[in-house]
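Input: structures, listed below.
In the two complexes below, chain A is the common chain; its partner is chain B in one and chain C in the other.
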Partner chain A sequence: MKTMTNGQVANPSFWQKVRVFVKSNVSILLIYGLILVVGIGTAVLSENFRQFSNLVSLFRQSIVLGLLSIGQSMVVLTGGMDMSVAMTARIVNLVVATFFNANSIDALILPMLLLGGVIGAIIGAFNGFLVTRTHANPFIITFGVASVLRGIGLAISNVPIRGVPSGYLKIYDAKVAGIPVNVIVMLLIWLSAYIFTTRTRPGRALFAVGGSEHVARFSAIRVNKTLITAYVISGVFAALGGMFLLARSGVGDPSAAEGLDFQSVVAVAMGGISLYGGKGSIFGALGGVILLGLLSNVFNILQIDVYYQQLLLGLIVLVAVAAYRSPRSL
Partner chain B sequence: MVETKAAVRETIEPIIFLRDIQKSFGGIHALSGISFDLLPGEIHALVGENGAGKSTLIKIISGAYTPDSGIIELDGKQYRDFTTNQARALGVGIVYQEFTLLPELSVAENIFLAEQPLHSYGLIDMKERYEKTVELLTRLGAGGHISPNTLVKNLTVGEQQLVEIAKALATDARILIMDEPSAVLPSNDMERLFNVIRTLRAEGRSIIYISHRLSEIFELADRVTVLKDGQTMATKYVADTYHGELVRLMVGRELTDMYPPHNNTIGNVLLEVKDLYIEGTVSDINFQVHEGEVLGLAGLGGSGRTTVARSLVGLAKILSGKVLYLGKPVPSTPAAAAEEGLVLIPEDRKAYGLVLNQSMRFNIVLPNLRQLSLRGILRGNLEKTAVHESVDTLKIKPAKPEITTENLSGGNQQKVVVAKWLLSKPRVVIFDEPTRGIDVGAKAEIYQHIRDLTNKGVGVVMASSDLPELIGMSDRILVFHEGRIAGEISREEVTEEKIMQLATGIVTSDAVA
Partner chain C sequence: MNNPTTPKQSTVQKRLLDIRITPRMVRWVDLAGQRAAPIGVLIVFLAAAFLAPAFYKPSNLKTISIQLAVLGIVAVGQTLALLVRSIDLSVGAVLALGAVIVVQTESGSSIGLSLIQAFGIAAIIGLANGFLITKRQVPPFVATFGMMWFIQGARLAYTKGQASGTVPELLRAISIREVGFVPAAFLVFLAVNGIVYFVIKYTHFGRWIYAVGGNPSAARYVGIKTDLVVILVHMTCSILSLFAGLVLSGYIGYIDLRLGTDYNTNSIAATIIGGTTLTGGRGNLLGTIAGVLLLVSLLNLVVVLGLPIHWQYAVQGVVLVAATALQGFRQYLLSR
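Right after this comes the complex of A and B.
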């Protein structure tokens, strides 16, 4: 640790300012730099990629992972991890589909959206309750909860559930001036999440708790409330993801959201949110989501074998984790 | 013994000699031309304000940092690049301020952690390790009461420090660097530490001793080097200097009055503790805190001083009794207490005071988010103004709100912790060790802030192990001994002796009063 000797440094020059900016935003610059490189590279190689419609569909395909990653970001900022987001999404997907199956009318849409949100919130509150009571590793706790949810999902149905009313499908299809409404809404959600984490009390509390629970407690932060809030937000966003999936596929899917728990952690980590908590930006998580979406799009266009896709994703994760060292390492 | 050594000293070659060492980090000079020499068999004190360059100098001697320029001479050989391996080979050992022991391992396992004595067939030789440990501890005068097989977590802080020293000696260190060893010790363990250090000197080892407590230096050291702003101000024989001169060299001015004068208007009761009983540790506590007064809490480590301080903001399990704040039961969490203007500024700024990987701005704003928000959204301009005011009022350096707090010196870190809470306009402030491990200049400033608070009618509780500061600042002092209040001493009557007599249980309160 270096010690500062002299007081103020005289007005920093332009280049000093640039250096400070780069230093404090290195992960954000890195991820968006990568997005540019991959994006431009593919655009040169592939004419299909350059289509405006492809860009729009790229954004639309990132919505589910985006929703899950926003919730995941909140939890990871507190120094935890929510491995139950994918199964929460699946349960909500199946429950809502089951209700529609019994009664396929548009009037049920709003109550179902509310119900889904409430289920997500309950699962999140349960996670948060366990984390604050047991002080066990959040990864293990949420992993256990995910396993329970997986079982419940199988009990609900192991075949696709039909009967989603046509009005519900508009969540996926509705467009304004050629741009899907959901893409616009999603951008607003990202913006709100950014403002929440940087400019509100509960948002700042996430960083404080992730930085040091002791210090947070001594700084008039309600630590348990903050943790539970983070898991509830994560649960609600996971539920939104599950309901969006339902609008996309039009059937309740017993295999919905498979693997998205891992991917949401990857997106968040790639975006520079420290897996040890307390550091990072939602803007970075957005970068992580876009890059993952972009890569899978690129793989499809270039017709890369699915095995290589898996391999490359794994490598990306390892590089991302290696890039952000543990604060405990020397 | 000291005198004879001093007499021959002039002719002895230094064991380590640094000349004109420079080192900077990202354009900021940590050391700008330091010279330092260490003789065999001397205790050489290193003093200076936080940020003067002491830590950097140590790291250069231990090879952790390479100097930008300058010469390092060891045993007459010159080095430009000096590595940790070379330092170790020469016998440089460091006893860190924060202990590096593993609590779940035994004393012997800790001491020989890196280099376990082995049997010829490769397994650890437990018997030899045990015997070597006993030998080391005996040399340090602790052979009798620390067993090599005790787990480190079961030792007192003072005993852990001895183990830490033994660990450094296990590699046969000739140069022992001790970074504020007394800061963590209760005062009754200090004499033992001093004796250990004197023993090491008698064995011909050299000790670099860093401390903020000047009285220790006069008691212990042979020579003293004063650093300021990354430069050597002077190296003096302790016998040839005096307290005031060292302070002047350190801060560049004479600190005639560390402690600002008392406020004479003491008002209504703000906080009242009645028959407080806290699980297993503290019982029978009764006292009041008034507007405009400083109530000192004295006592040795483990006497209940910190427990009581924490219980005032709901951080201890109260079994019976009451803490009343403005006539009502005290809120049950620090957050709720803070909302009503009752705040605790905790000891150990690194563990409890600061989110170290966050900026100064983040930390200062943290407990004040509500008052800086409008309709739930934090206002950038309010935040900016508040932080700038705090930095100005407390003279935090460097005055860069975005700097990460782990890069600040100890004194400035403490100022940030104080700034956090001054911003919330409290009515009662509980300070726990407000100036531990910070330099005299910063200390004087913090005392002035405490006095400013009481002048505004704020009630202050100050728990501290620094007796001069308790005496200088308090209107009344409660002395704790084994979980009870052993006595109360008023400002007019207080002396260090009276406090220590009560704190060690030599005298009961009636005898003092």
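Right after this comes the complex of A and C.
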């Protein structure tokens, strides 16, 4: 991942190696350390938390945020930000539910999954087009796109849409040896995202563009193509998140995915991916997602009032972003 | 473009995506960026005359002027934030919080005390925003968005989800009361704009704002305390949005949980369409006023035409996307 820039010795001793490792992976160690502390602390305090089923449900609860965060990571690595992920998820959720409402048959499941992915890709491509063509601030412009999508979502429906076929609900319910299939699939998706960003050419291009667009251009990397790819991936993963939400609730929900856009940014940032782009690891983003899921699980187990939950989460976010001091000054 | 190593592109791609940049085009885009809002306002007012004459009813004009005042006061703060290369996404939350504090505590304690309390809290929020942005180098939108979450949580915890209370007479007086023909809120709006206009035009602090936004490191070298300027701007922004919250609650006469949710998008959209760029140092208050007028009359037109409410989101979003695209492109052309 990162090269040893200082303290390079011909034959580093074991402790020197450890020091370099810790230095270059400090944010990842920090987030997983926090997860361990919070997890063990709650396990000691609460009987319910220790149940295996609770752990499984914890993972299953964080799938939606996980999908959105993978896409968000790709965009943040390029130095941008996609604030339209939650609304993309909602639109796909509603569109797919509308089709199912007209025709509630299992044969429609596969075409619908494809359709959802295509919608996500189109929205992502539109974002990418805006960002690369107009050189505008990605955060604000995707924020605007999100507002338009919110309007479209309300235009589609402002009441829950029924009629999802029973076969579709298996996406949420199916189990192998007591473990939900979707949890296993999600782990595979995280793994492939990790391989994509660390081992493939387009994946590495994300880092190059995020580090410096100028240098990337001189290194014969197609900057615009890389940026558009990142936004398309983000759109597709947001669409997957929306379709998973549909399988979870069983109805098309006009208020689906509310607030997940910012939560995905928080998860990514807590996982140590620099919001200025070019630095970080998908593995860290996974930590951020698990930590957020763990915290809301802990809040529920400790029966903290829902109003105080938001207050606490906001406080944690502020402390977390304040703790990371970006090396790049304005 | 100074990229000698541009990868090969097919001719179709080239024709589709590459626009030849001529000096005339740069001039036009620059002009469009500066004049988009006034031109838009003219078009909307003309369109309203044909499509919806009800737009010009005195009662509707009064509504528009009050909405203009509330969004305008927020947008003044937002303009200042954008001028120093920052942004404030907590304005909507601060606006609602202020209304809640003053209205809820009114029963029991005196109005003066709760006002001091509210403005004190707004100043602290602005200070925290500025501190996170300057001293901890958190990207402004992340810091202020996190702050928004926190404030909303605090408000929900404070009100337990149900807002209640009656709006004090003083707030009614500064918003809905009429002085001559115009509502008081409009006069308040003019006063706020006048003061801030004077400050950024004729004081050292105003020049500092443009200097910090235009080129932070140059500003630092000439001895401007850039961090202090950014922090003060954020405090001003929070205090102004709290003030806007008081005017708004005075106007609608009650408070609810959804109060102030749209003011983030709207204030940014109005400011950017008014000619302020996101990269700082370019823009002025007159443009912002035109931007606010454009947005408020567009949103009002949606209501007057009897369209469903989701059109308002679409209008907000389209204005924001179009404005950001235009200003981003303008900034790119100018700084090439």
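The rule is simple: the second predicted complex is superposed on the first by the 318 of 330 C-alpha atoms of A that agree within 3 Å, B and C clash if a C-alpha of one lies under 4 Å from a C-alpha of the other, contacts with A are read in each partner's own complex, and residues count from 1 in each chain.
Note that in this section a residue touches a chain if its C-beta (ideal position, glycine included) is under 8 Å from a C-beta of that chain, and two chains touch if they have at least 3 such contacts.
Predicted, not measured: the structure shown is a model, and the values here were computed from it.
Engineer: Could you say whether A:A146 touches chain B, chain C, both of them, or neither, answering first, second, both or neither?
Structural biologist: second
Engineer: Can you tell me whether chain B or chain C touches more residues on chain A?
Structural biologist: If we count touched residues of chain A for both partners, the winner is C.
Engineer: Of the partners chain B and chain C, which touch A:V265 in the superposed model: first, second, both, neither?
Structural biologist: It touches chain C, and chain B stays clear.
Engineer: Which partner does A:F218 reach: the first (chain B), the second (chain C), both, or neither?
Structural biologist: Both partners, chain B and chain C.
Engineer: Please work out whether A:A208 is in contact with chain B alone, chain C alone, both, or neither, and reply first, second, both or neither.
Structural biologist: In the superposed model, A:A208 contacts chain B only, not chain C.
Engineer: Based on the superposed arrangement, let me know which partner A:L313 touches: chain B (first), chain C (second), both, or neither?
Structural biologist: The second partner, chain C, only.
Engineer: Which partner chains sit in contact with A:T200 here, chain B, chain C, both or neither? Use first/second/both/neither.
Structural biologist: first
Engineer: Check whether A:S24 is in contact with chain B, with chain C, with both or with neither, and answer first, second, both or neither.
Structural biologist: Only chain B; A:S24 stays clear of chain C.
Engineer: First (chain B), second (chain C), both or neither: which does A:G280 touch?
Structural biologist: A:G280 sits against neither chain B nor chain C.
Engineer: What part of chain A is shared between its chain B contacts and its chain C contacts?
Structural biologist: 217-218, 220, 222
Engineer: Hey, which residues of chain A end up touching chain C in the complex?
Structural biologist: Touching chain C: residues 81, 130, 133-137, 139-141, 143-155, 158, 217-218, 220, 222, 224, 262, 265-266, 269, 275-276, 305, 307-315, 317-318, 321-322, 324-326, 328-330 of chain A.
Engineer: Mind pulling up the chain A residues that touch chain B in the complex?
Structural biologist: These residues of chain A touch chain B: 1-9, 16, 20, 24, 195, 198-201, 204-205, 207-208, 211-212, 214-222, 278-279, 327.
Engineer: Can you list the chain B residues touching chain A in their complex?
Structural biologist: 25-30, 32, 50-53, 55-56, 229-230, 315, 333-335, 337-339, 343-344, 346, 351-358, 362-363, 365-367, 369-370, 373, 376-378, 380, 397-400, 402-403, 406-409, 412, 420, 424
Engineer: Going by the contact rule set out above, which residues of chain C touch chain A in the complex?
Structural biologist: Per the stated touch rule, the residues are 3, 5-7, 17, 85, 87, 128, 132, 136-139, 141-143, 145-147, 149-154, 156-157, 160-161, 216, 265, 268-269, 272, 278, 308-321, 324-329, 331-332.
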